[in-house]
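Take a look at the structures listed below.
Each of the two complexes below includes chain A, the first together with chain B, the second together with chain C.
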Partner chain A sequence: MEGWLAFALQVGPVVVLLVSTYFIGSAVEARHFRGLRMRELRSRNFPIATLREVPEGWKVEECGLVSGSCVISLDYFKRFVAGLRLLFGGRIASYETLLDRARREALLRMKESAHAAGYRAVIGVRLETSQIAAATRQGGTAGVEVLAWGTALKLRAP
Partner chain B sequence: MSFEPRLPRDDVNVSPTHPLAEASWLLVAAAVAGLMLAVLAFAATEVVARWLPPGVEARLFGDLWDAFGEEAGADDPPRAALARDLLARLAAHWPENPYRFRLVALDEEELNAFALPGGTIAVTRGLLASVESENELAFVLGHELGHFAARDHLRAIGRGLVLGLVLRAVVGAGAGEAAVPSLASELASRGFARDQERDADAFALQLLAAEYGHVAGAEAFFRRLPDADAGLAERATAWLATHPVSESRIAALHDLAARSHLSSSGPLRQL
Partner chain C sequence: MILSNTETVPGRTIREFFGVVSGSTVRAKHIGRDIMAGFKNIVGGELKGYTELLQEARQEAVDRMIQQAQSVGANAIVNVRFSTSNITQGAAELFAYGTAVRVE
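And then the complex of A and B:
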């Protein structure tokens, strides 16, 4: 009996954490996606591109570096599911949404900061991801940073 | 060059799988894999338990238990020397015995005894202090020798290792290593199976009969446990957890003695 009690005491918190972080994580994620879609809609007329050179015919008045970055972390549920991938391999679907959110958020922040500074477009956009905290088994919150940067342009009227 | 304002698509970089579907698929698959792994490893344990030569076993595990108790240190509890002598005498009645047994006294008040790989029998100080006759102690030691005869101790160790391994792979992958160790040791520290205990009891009876000419005092230890004074009963919970005592087990002892024509009455030797 004692053994099962100990078993329950060890497994119980894990189950509670899994269930609660699933619901919390899903709610937070859904809200973030809604926010992303709204801001993307609002800023859709602000052009960003990966072009390395100014397109022909554009009269550049001023240029500058703009960047946006987003640090995003795992939740317990996502880490648990990803951990099970250790046994089988395959796509870690639970991380895909995280990185999608981080990329879109970083791009939006870059766009919004460029827009706020009076720029009209950003070219030469690059994205970079870096791990800023490892997922240690004992604890610590794993996180990645997605950094988006590019050359913002102010254009003279043609 | 023209610019077409378009929204990023939601569904390019994100798999359409629902997270719960992914989680449950993985959990079920992990459980099935774990089960298969456990079955295989249990089978392997059985093979090892049956075929591992005792010499190899002694070399593998010989020094492992030194940390548990002194062989014959200055703080050797009273009766440890006596128990050692008794163990040697009992082992002499097991002619084909492949082990060189040693006895270590654990500095614990709980009543318990263990058969450890390599031929080591560990007895707690509490058990040594609580036995009332040499015959009682002989039955406890004989019982542990019975586990060696059937090589149950290897099965128990193997089971612990297997459970640890499987739990580490399955639970550890998801929830982290921290959740594993005590769980594994908890599950592994469960006693031997009932029939293993019965067989070890039978073995002990044979040794007792060979040593004393009768098996009196064999079940005295069990008999005293339930209605012993509160202190003893409390300390005996460890023994009870790993060596479940029941009326049926005592009855089985009597049965066995009667069937093997072992006399169940005779003088008890004092300690």
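And then the complex of A and C:
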């Protein structure tokens, strides 16, 4: 009986944390995706391209560097599941969505800052992902940073 | 100073090359931000403190690169690249580099 109680006290908090972060984390993620879709729709007329050259016929008046970045991390539950995946191998869906969110957010921020500065398009877009801190020990920060940058263009009227 | 990450400055002609210029900064996160980030790390989502920290740091790296370009007499930097490296737990190096040029 004593042993069971000690076991429950030890495991209980972790289970509570896992269950609660499952719900909170999913809600946070769903809200982020909703926001991303809305903002992507709003900025769909703003062209961005990975091309390194200005498309023919465009008269460039001014150019400048723009960037957008985002540091994002997984919730406790998803990190736990990802940890299990590392044992069995296979696809880690939670990291896939994490990186998807980070990339889309970074690209949107780049677009929005370019738009706010009066630019009309961005070319030469590059994306870079870096792990800013490793979750080596318990409680380590498992954040990834995605940086998007490119050359923004102001166009002259043809 | 005009910055671009393409081979040329769109709409201008490059007259002179000055070689590679670079700027870097090494930053550690401070404890207050780390505590907030630790909390955010449980529920997931964006770590705003870190995003801002890295943005500020990257801006500083870019400013240093621009200073170096100015000191050699350039008025633009083309092909700007960024790189981030994790030196130790809790510190990151932000590095910006590009080719200094004079454009007309």
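One rule holds in what follows: the second predicted complex is superposed on the first by the 158 of 158 C-alpha atoms of A that agree within 3 Å, B and C clash if a C-alpha of one lies under 4 Å from a C-alpha of the other, contacts with A are read in each partner's own complex, and residues count from 1 in each chain.
Following the convention adopted for this analysis, contacts are C-beta pairs under 8 Å (C-beta built on N, C-alpha and C of every residue); 3 or more make two chains touch, one makes a residue touch a chain.
Values in this document were obtained by computation on a predicted structure and should not be read as measured data.
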| item | value |
| --- | --- |
| Clash-or-fit label for the pair chain B, chain C on chain A | fit |
| Angular separation of chain B and chain C about chain A, which is computed from CA centres of the superposed model and rounded to the nearest 10 ° | 110 |
| Contacts of A:Val81 with chain B and chain C, given as first, second, both or neither | first |
| First (chain B), second (chain C), both or neither touched by A:Gly57 | first |
| Chain B versus chain C as contact partner of A:Gly118, first or second or both or neither | neither |
| Which of chain B and chain C A:Phe7 touches, first, second, both or neither | first |
| Which of chain B and chain C A:Leu41 touches, first, second, both or neither | first |
| Which of chain B and chain C A:Asp100 touches, first, second, both or neither | first |
| Smallest separation of CA atoms, chain C relative to chain B, angstrom | 12 |
| Doubly contacted chain A residues - partners chain C and chain B | 78 |
| Chain A-touching residues of chain C, taken from the complex the two chains share | 2-11, 34, 37-38, 40-48, 50-51, 54-55, 58, 62, 80-86, 89-90, 92 |
| Interfacial residue positions of chain A with respect to chain B in the complex | 2-3, 6-7, 10-11, 14, 22, 26, 33, 37, 40-41, 44-45, 47, 49, 55-57, 77-78, 80-81, 83-88, 91, 93-94, 96-97, 99-100, 103-104, 121, 137-138 |
| Footprint of chain C on chain A - complex, ascending | 17, 21, 24-25, 28-29, 32, 52-54, 59-65, 67, 69-76, 78, 105, 123-124, 126, 128, 130-134, 136, 139-143, 145, 147, 149-151, 153 |
| Contacting residues of chain B [partner chain A, same complex] | 1, 3, 5-8, 10, 13-15, 17, 19-20, 22-23, 26-27, 29-30, 33, 169-170, 172-179, 182-183, 186-187, 189-190, 241 |
